[in-house]
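Worksheet: one structure, shown below.
Per-chain residue numbering starts at 1, and chain names A, B, C and D are given in the order in which the chains are listed.
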Amino acid sequence: MPDASPAKWHLAHTTWFFEAFVLPQVERTFRPFHEAYAYLFNSYYEAVGPRQPRPERGLLARPPLEEVLRYRANVDERMSAALAGPPRGEILDVVEVGIAHEEQHQELLLTDVKHAFFSNPLRPAYAPAALPARPPVAPAPPLAFVACEGGVVEIGAPAEGFAFDNERPRHRVLVEPHALATRPVTNGEWLAFMEDGGYRRPELWLSDGIAVVQQKGWQAPLYWERPDGAAWSVFTLAGPRPLDPAEPVAHVSYLEADAYARWAGARLPTEAEWESAAAGAREDGTFADEGRFHPAPASAGPGLRQLLGDVWEWTSSAYAPYPGFRKLAGALGEYNGKFMVSQVTLRGGSCATPRGHVRPTYRNFFYPDARWQFTGVRVAREPA
Amino acid sequence: MPDASPAKWHLAHTTWFFEAFVLPQVERTFRPFHEAYAYLFNSYYEAVGPRQPRPERGLLARPPLEEVLRYRANVDERMSAALAGPPRGEILDVVEVGIAHEEQHQELLLTDVKHAFFSNPLRPAYAPAALPARPPVAPAPPLAFVACEGGVVEIGAPAEGFAFDNERPRHRVLVEPHALATRPVTNGEWLAFMEDGGYRRPELWLSDGIAVVQQKGWQAPLYWERPDGAAWSVFTLAGPRPLDPAEPVAHVSYLEADAYARWAGARLPTEAEWESAAAGAREDGTFADEGRFHPAPASAGPGLRQLLGDVWEWTSSAYAPYPGFRKLAGALGEYNGKFMVSQVTLRGGSCATPRGHVRPTYRNFFYPDARWQFTGVRVAREPA
Amino acid sequence: MPDASPAKWHLAHTTWFFEAFVLPQVERTFRPFHEAYAYLFNSYYEAVGPRQPRPERGLLARPPLEEVLRYRANVDERMSAALAGPPRGEILDVVEVGIAHEEQHQELLLTDVKHAFFSNPLRPAYAPAALPARPPVAPAPPLAFVACEGGVVEIGAPAEGFAFDNERPRHRVLVEPHALATRPVTNGEWLAFMEDGGYRRPELWLSDGIAVVQQKGWQAPLYWERPDGAAWSVFTLAGPRPLDPAEPVAHVSYLEADAYARWAGARLPTEAEWESAAAGAREDGTFADEGRFHPAPASAGPGLRQLLGDVWEWTSSAYAPYPGFRKLAGALGEYNGKFMVSQVTLRGGSCATPRGHVRPTYRNFFYPDARWQFTGVRVAREPA
Amino acid sequence: MPDASPAKWHLAHTTWFFEAFVLPQVERTFRPFHEAYAYLFNSYYEAVGPRQPRPERGLLARPPLEEVLRYRANVDERMSAALAGPPRGEILDVVEVGIAHEEQHQELLLTDVKHAFFSNPLRPAYAPAALPARPPVAPAPPLAFVACEGGVVEIGAPAEGFAFDNERPRHRVLVEPHALATRPVTNGEWLAFMEDGGYRRPELWLSDGIAVVQQKGWQAPLYWERPDGAAWSVFTLAGPRPLDPAEPVAHVSYLEADAYARWAGARLPTEAEWESAAAGAREDGTFADEGRFHPAPASAGPGLRQLLGDVWEWTSSAYAPYPGFRKLAGALGEYNGKFMVSQVTLRGGSCATPRGHVRPTYRNFFYPDARWQFTGVRVAREPA
């Protein structure tokens, strides 16, 4: 899969990040651990020089894992030395980005392993004990909607504290009255969409969507299988498992999310609608820290649930700069801004995200046909 | 070029539109002119049935042109009969869409012919007399900016009168203070961008942009050539012609427009910024009716010029539904809504657009790498 | 179809051949009819300069047909003047190649038109009266084999008389005893192959063959259709027509011919086996001159039939130079020799070949997956 | 590289060969080591069932190496038990094929590792001590030709003793008088070809050849580099090394070999020419057993040298069945016969071939554009 990278590469790349962006500024006589690593482990920073093409990362039999671990130990040590002295603000800012960056790769490592293991006919399990072998038999709480009055709201991260550049500046947006679903769409609801011919009815789809469906032969979310033609099985990081209708659906693309919403007589929320609802939401979601690595059914009860955690939620907003957006200085300016075309914004984090990594202002983004992340759906609609 | 269609196809397709969407509703015993034409001349209406794939339209040696003209005469006659009786509102609505649709194809026919003729080493001229052989030697008026205060504005077409479904509903948007360029970017300004290494500096580009530049070898706008290595020539519908630095640049993609704006220390305007400025603008642009088929230099004088006509202007807004958007009923609902992903909105019409076809609320849309339309750039910036 | 060219291109290309290879040698002050035609109408002669890529030939709306006809009349006139004087041997040799070349394009024009019309859902007929609407009900004569003793035989064209360079030099080959089928494989026999699972049984196929079958979805020869799911129809230059089981099968690739032969417990003949049998064969085949443009059932009676005409017969021999092969001098040396890799030799001509064009030594060649020519199968086997 | 496989796969595949083709015939109650391995480690045997697509072999993170080694130990043990009893002829025949098969993969493993390491910017060395760091300064012996009278010769393996099915039956061929080069073409000679514009002159190339040269940007054999723009370096299994002009050129495709021969006023030999010369040749070549893993300069002295070993030699013969060819029975019938189209025959083995593996009748085969094997060139010509 061209979007995925081997685990070894993630390890080396996150190490290289600190070596490339922090150490040259603090080491008196900076010398890289290995000359070629800037080429091998640079992901996409044009300003830092040429790099190994992403689809060829899988070819790297050398350096072997032990060497990558030595590299990691070496940079850890140098970073400790660098941080031992009196703190320098501009260095700490980059270190904070480096930590957040590594958290992002912790999530990618899980989703890339999941994809690679699914491609293997042995269907190996990454964390066999993460989930009970069979899901419990318990329905999801019924879907309800919470009305939102709309008006001029503020979204985006405040100037103080850590946030990515793409979350700033905080600014005002005019939001129309609408209603937001109390929980994400479940596997059971998605099954109803499928059984109603969802993947075969062009009138439900964007033009690009039906084209992708037909070209790739999509008939269900990624990782759903029906090997015996009878009951649906879902591949998880604990291996294959019967489908739990109560869990939030995951691994659907924007194109599918949009079609589902149309089928359901609803639509996807905008970023502003989502963020203004999430600002004060309770934190009841599943994160990577639990070691479940799989979304869990929503709890019962009133109000909005699972805004943070479990599944990333597709919004209807194209990924674009906020009014007055300024990217970070230097090569780190390439971190977010240069991807602001043709992608769609997602919100809220997933069961593979480290708990402290996300916040209500956090903006994730993928192409409309991407499915290998834990991406799900929360619908919105016009007020009743 | 997979995006373009032969002239004969445009003729038959616009005819088929009336036959498919109007005549079955008004003719007592509807029979199509030819059974196979629904397959051959349907562009993308899934609800109407299967169709000739777009890239294979060029293969249609049959029906010959005479037969297509007979088809056209036949449908014209049946339409006249249909419209002779007392007007029925829902029919007239579709007829109005059919007329606007045909105007769109009048523009596409010109841009497709331009592309096909440019692909021919003979570089034939479609309208040799449309332009003087050499451009006049006159500079463009200097670039200035008009400040806009911002606030909550209304955009979109009112409920009454003809407009496409994607222009509705009229709604409020919060616009921040900004400034808008008085005229589009000129060829001379674009040349300065190129001479400053514009196409070779990754830091100016979106990630998708520099990838396309490298893959397709872009070094200048489409239709610019320098066969002798010295002076730039531009291919027009009147044939090749020396570059006029005073004319608005045309045939640049969104990816290029965005890079240019970044280079110029500016940005592209949002749809709301553009439309609220255009609402009361004077109509001084070049349209297809003049038969020039090429953008003209801006006139001197104060205020915003050429908002309508000359070149379509890329906005920074992804093509998306307005809040509360409702698509047309029936198969015509596929006209606009199903393209609302991964495309970018353009405004204002071009020198190939029929004059009466556009209006300030009109939304055109293309993929970010499209260049074969008369697409240009007007920049915006934060207030001084 | 990237292998096919528009009729207008064939007309201009065969004209250009005389202008490029003859006229510069005989006209005192040679000037081409149009500077750009060498680019537009050169097929593949590297020595003559760059050229329009084959897949883009279809884009040439200009020059229009009238201009191509003027070009043809102009070159005809200049050729007449050139040939009016006393004959010069080396010129006449090139003229003879030019005539044979034009005959080849007469055949290609028919096969390219057939392919283009088949791609058109109207399924237009090129020569509606060429064939009776329904085939007669008459079985093919039974298949028999003629034994051949083998030994050292001579094949190839003698040094005198017109032949292509690839037919020379005449040389000796050792042929083992074998037997050759009296007539080509029929549609009826091919149907039996299909009904026996021929296209679905990997053990019958070359590895490249089954890969192409699966990738392209082949289930029958090109131009066979079963629109109603019942009886097979065959598209001909006279339009669609019920399958005649008695006719030789046509439009099968080498890969299919090889699989069929394996299924039939036979094999394809080598070039030497075919040519030594054809040396004294009677001329009973169908050629383009009859205007039937479709293969006809074999006549009854003893001995080998239809070696010349009806369908090109795939041999098992890769297209390679004969021992001592010398290509023509100059640019015409590119005519045949440079294609001598990865292609397979065919023998005998077809119902689209001008009658005087082929001879027993004639070598045609196509890639193993080509199907748009009238290509059929005659099997051979070891002696009983 | 889609043609190459990971080392782990080679290990498991050669093991699977014995498990699939021998053990089911000898074990009373055959049970596979793992159900999925037939899918994972079958290379191309259609009769044995579906299999992992070759380009996706690189994705197999599971089973890990330790598990593959356990698999190998298990099958070794079962094979020992199977061979302990009284010998059964038909089993021993398959075992012999299995051993020859494993020898082939020993060679592929070396060439695949070489390719993977060359793709790595670290340019790691597989066997650092295999070669001295710099080649000795000693010229190759001058090129001479040995005349061969021709006549009816016998080629192919006799009916007794081990040989692959494609080497049989032994049969007669008529060979014309010719002359064969005493040694393979050297790097120094290839350099002269390059400096004479060899890769830029279409008149030297087959049409498919110049197309591949332009599409892939070939300017030298695979593994030649000139990083500093000055002297040529060659990547070997001992790492990068200065070019030795005296060594046989390796890693050239058939298309290049053919162009070189044309440039040199020569041609490639046919299989029959090569084999009849090799029948009594001395065995002076380099094989894998030496651990050099790189071709060595030819020794001085009279007569034909290096026919066996050092580099595989492209013949001019397409890979085709011998007259009367019969493939092996059962699934092993797929071993050779199904590849007999579009490939070219090579002879003689290379420095990566186990010494006992080849013989004068041995036929190797690759597509005309393959370069990752140790493939070189010996030219032939017509007699003086």
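One rule holds in what follows: contacts are C-beta pairs under 8 Å (C-beta built on N, C-alpha and C of every residue); 3 or more make two chains touch, one makes a residue touch a chain.
Since the model is a prediction, treat every value here as computed from it, not as a measurement.
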item: Chain whose mean Cα position lies farthest from chain C; value: A
item: Candidate from B-C, A-B or C-D with the same interface as A-D, over half of contact pairs in common; value: B-C
item: Gap in Å, rounded to a whole number, between the CA centres of chain B and chain A; value: 35
item: Distance from the mean Cα position of chain C to that of chain B, given in whole angstrom; value: 47
item: Intercentroid distance (Cα basis), chain D paired with chain B, Å; value: 57
item: Chain contact topology (line, ring, star, complete or other); value: ring
item: Complex contacts: residues of chain A adjacent to chain B; value: 44, 46-47, 152, 171-174, 176, 202-203, 205-210, 254-255, 258, 267, 316-318, 320-321, 323-324, 333-334, 338-342, 344, 368, 382
item: Residues of chain A touching chain D in the complex; value: 6, 36, 39-40, 52, 56, 58-63, 116-117, 119-122, 124
